[in-house]
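Two complexes, one shared chain (chain A), two partners (chain B, chain C).
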Partner chain A sequence: MREGRPASFYWLAAFFCLFLLFLYGPMIAIFALSFQGPTGGMTFPMNGISLHWFGRLWSGGGIVDIKSAFWRSLQLGLTVMVITMVFSVLAGLAFRKRFIGQNLLFYVTIASLIVPSIVTSLGIALQFRLFDEVVKAYAPGFIADTYSTAMGIFTSGLGAHLTWALPFGLLIMFAIFNRFDGRLEEAARDQGATPWQTFFHVILPVILPSLIGVGLFGFTLSWDEIARSSQAIGEKNTLPLELQALTSTVTTPEIYALGTVTTGVSFLVIGLALAGILFLRARQARHGSDAGKGLS
Partner chain B sequence: MPATKTAYAPPAWLQALPFAGVFALFFVVPLLFVVMVSFWDYNDYSIIPSFTTRSYVETFEGCYDQLPELCTILRTYLSTVKFCLIVWALTLVIGFTIAYFLAFHVRTVTMQMTLALVCTIPFWTSNVIRMISWVPLLGRNGLVNSALINVGLINEPIEWLLFSQFSVVLAFVHLFTFFMVIPIFNSMARIDKRLLEAAYDAGASGWQTLWNVVIPLAKPGIVIGSIFVVTIVMGDFITVGVMGGQQIASAGKIIETRLNALQFPPAAANAVILLAITLLIITALNRFVDIRKEL
Partner chain C sequence: MRGSDLELVQVTKRYGVTVAVNAINLRVKAGTYCCLLGPSGCGKSSTLRMIAGHEAVSEGDIILGPSNVTDLAPAQRGTAMMFQSYALFPHLSCVDNVAFSLKMRGVAKAERRKEAMRLLELVAMSSYAERLPAQLSGGQQQRVALARALITKPQILLLDEPLSALDPFLRIKMRAELKKLQKELGITFIHVTHGEDEAMALADLMVVMNQGLIEQAGTPREIFNAPATAFIARFIGGHNIVSDAAGAIAVRTDKLRLTKAVNGAARTAVVSDVEYQGSYVQVGLAADFAPELTANLSEAVFDAEPFNPGDTVAVSWNEADIHRLGTAA
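So, the complex of A and B:
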């Protein structure tokens, strides 16, 4: 039999609902406003409903090259996602054993999370600037003459994003392996599986749903990153940086349309990831155990 | 039993190498460059690699002479620390309440996870968009002002709702309460429910149980959440910039301003100062908890 709810439950539930309204309310407001009619302004009430501002956005009318910033951010986000997944799994496996510098690496990783982003970004910018200077001064003529900079989306920018995404990846891997049943591996080893076979046929299938979570963090953290990118991205901006620059110049609902598109991509990725996790969990539940199926 | 063949398992250090390489190349070395360049000289066009404490001296210029008036840098840090404390207190109270509701009042694990996920989803979307989404609500002609005018509470729109200290604090709380909710929820979810029953049986009131049982056991989560919130607010320049209408100074914004003027050594010196103060706060907080044990 279930006990009745105490009075505090209803107060806390009401508080929770208010919190959700606080979290989602403003976002819903700008989604609605991005569908303003052509004569609509930055605030309510809405003057009709149209896709006018999305059209303007996509034709590039008014706003600097948003389309290429969009693709750049997408490519970078996917790259960060893949690297975060691979490197975090490898590091997660390493941290289950012992290696020299283990504690140091752990503290460096945590430090990367809590050192203010602007400091990291400045450091990367300085590093690449000094590197450029050295190349221009000392490299043989045929390199130095045409060389401009090593900074760019997929060099300094990628590095900056990884210092933000990888710590989350490792922390999630810790959480995964803390709950991982080591007897599965022992069983595999006792059956004569090589370490590779154990990894691919036992460990990976078990951790795969959680690994999608790591990828989700990798992509979304990169897709929305500003602070670390600000100094380290090079000449071409990512989408959030363009958006940040637009906040002080654009005074039409176009910026809301851009916000809606960006958030739409985030929601799409979140949806795909959650669907993937649910699918894999269901699959594990179906194939995970052969208990009661007899010998076959 | 003799091993039939020695299977090759990669050593742990090799598995950790790519991960460690990224942090060596893009975190540790860059930080060393920041410290190094903060002691370099500069002119209008370039940085000059010769040792000087000029950037630090200039940063604190006049701080002693102007006493008891505060110089710019001290005023800025004071204002940043003030934001930090306000945001910390608000996110802690809100985050703790939300986590408490999830951990002790939601009955099934599935429902707990779903609601925690609902709290997490905004974290996966863009911060800038979440900031500008306050504009249609808080602006001069925004929803809040027009509602208040319609009700008759005010005659003129309230100016301080947007691009003010208020909106900066609001945005911080909006963006970063997540960092309190999840670690505190994580700590609370591990509290053995029998402890609460024991407290109840021993005659403790609800508040006594909260104060003497729940809060001590949730402390690791509280500390981890606090570290996140404090460091983010200390180093922030984007939220303060966008929500403060680029009018409010902060420790992070000093660095940004210097960088926009391409004055790298003073920017680096300010980064070192910011880093030192942040690490000081973390060390103080870290005395209360061992992060690694809490995952």
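So, the complex of A and C:
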């Protein structure tokens, strides 16, 4: 047998490249078209290169209220991120012990990943409408008179996003705690640490890099979520919903510029999280380095 | 405060219906190197973990000096544990690992680091103080774990199979260091192991456990020369177990005499294998009066009258070398 790769390697490599093109081609096309010249249209060819459409987007000229939709989505994403991190850690800790109804709770949580998103969304909307009816009918006058709905970004919208992000966070946390060496906690206890001290000085630092990953996941799941938001978000839209609405009304590359900006935010968040993890690692490595200390 | 005796009184551990430790009684004098020895599942680790306070006691009491510590938290007992595979905190440097208990008690940073450095000095690890555990070899991790356990100034150090993760060469080296350290500190060490050579080399008091019970406790010499049961004779090795008219007896493998078989010999056997072991020659024998029989002959004795596999030999021993065994296990 000769050195070198078999023919199948090149076939498979070509196939893989096509797959990558299929995956990232659309994104790259939109990214490129967002730099379309001022006279360019929504399709290739490029008619010059400019930041014209980003300028239009920034000035809010063509599209109504896109900036506030952006901030709403950002706030919602960050809220989902924090809640997912806190609750998945708490649940991860709880599920290390056996308790009654453990399996039931687990399946109920995971079920919301399996039920079609739109159904979850409709269900949440229905539930809130029922609640609204009850409030209007039975609440004392000073509430009922001014009351319209409890639905909104940070009530039904937040709930809808959590049915998506939280189960994912939980599953990741279970995997993390599966690998967690319980003897570390025993060692901490042996050294006189209280349960709180054990958590803050041993458990949390050990799982922190993974926890950052969970937060990141929670944010991105919320940031580009449409189906669950669609029925349950209330009167103010998130950014993806605005974007979806715009696809039918806007006929300029401005919408591509918007797509590029939102994708950029996703990358920024991922980049920040990775930087955070690398920083933690580097700090540990710096602590642990013998460089210049004359050790063999 | 140093120098309290440890006493286990009818200590029992049950997991559901399984009894892991069955009402054991044991007294360990202060400053003793005690080895808990036995096959896996014999209850030795459960016993250690109950002494440490990491396992609740189902029944019985653990007395340390004047006080009953059965219901105390691990850190309040005056014991410290060195875990199997060490359980060093992976995110903390060696010095911070060692200083952990002081940090939990709120000792100021400079002071606790100074004390931790003193302990690292004791285990010859001070030059690695700023390293993370992942950057250390197994033997080095063990030294750090030892320093971390000792910084709490325990009366009893509990070691859970401390040498099992090391390679054979390092194991013997660390074994000697553990013994030396115990002598220097003068505190009690309780060391769980399944290696009889380890226990023999280290122990002042060797406690052999089987199926949740203590089969025998004594010095290694007492146990090797007078194993109480066939189980112990088999477990510590170096013994042949033979049945005679009055029951089971044990004869050390180095006390067997082999001669050319002549008619009328009381016990004969066929040589099944001959292994040269350096200072002695190990002769495996097949006989009808014992399932397994081994004779360790000195090189000189063997050379004077060598045997080959297939030879029939007469087996004998002195009456004085017979040790009668208790109820067969």
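Simple rule for what comes next: the second predicted complex is superposed on the first by the 267 of 296 C-alpha atoms of A that agree within 3 Å, B and C clash if a C-alpha of one lies under 4 Å from a C-alpha of the other, contacts with A are read in each partner's own complex, and residues count from 1 in each chain.
Here is the rule we use: a contact is a pair of C-beta atoms (placed from the backbone, for glycine too) under 8 Å apart; a residue touches a chain by one contact, two chains touch by 3 or more.
Just so we're clear, the structure is a prediction, and the values are computed from it rather than from any experiment.
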item	value
Touching partner for A:188 - first (chain B), second (chain C), both, neither	second
Partner chain in contact with A:137 - chain B first, chain C second, else both or neither	neither
First, second, both or neither for A:115, with chain B first and chain C second	first
Which of chain B and chain C A:44 touches, first, second, both or neither	first
Partner chain(s) touched by A:248 [first = chain B, second = chain C, both, neither]	first
First (chain B), second (chain C), both or neither touched by A:88	first
Chain B or chain C, by number of chain A residues touched	B
Touched partner set for A:201, first chain B, second chain C, both or neither	second
Which of chain B and chain C A:124 touches, first, second, both or neither	first
Interface residues of chain A shared between complexes with chain B and chain C	194
Contact set on chain B toward chain A in their complex	7-16, 18-20, 22-23, 25-34, 37, 94, 97-98, 100-102, 105, 115, 117-119, 121-137, 139, 141-143, 146, 174, 177, 206, 227-228, 231, 234-238, 242, 246, 252, 255-256, 259, 264, 267-268, 271, 274-275, 278, 282, 291-292, 295
Of all residues in chain C, those that touch chain A in their complex	52, 54, 73-75, 80-81, 83-85, 87-91, 93, 100-101, 103-105, 127-128, 130-132, 134-135, 148-149, 152
Residue ranges of chain A in contact with chain B within the complex	5, 8-9, 12-13, 15-16, 19-20, 22-27, 29-30, 33, 42-44, 86-88, 90-91, 93-95, 97-102, 105-106, 108-120, 122-127, 129-130, 156, 159-160, 162-163, 166, 170-171, 174-175, 178, 194-196, 216-217, 220, 223-224, 226-227, 230-231, 240, 243-244, 247-248, 255-256, 259, 262-263, 266-267, 269-270, 274
Complex contacts: residues of chain A adjacent to chain C	181, 183-184, 186-194, 197, 201-202, 205-206, 284-285, 287-290, 293, 295
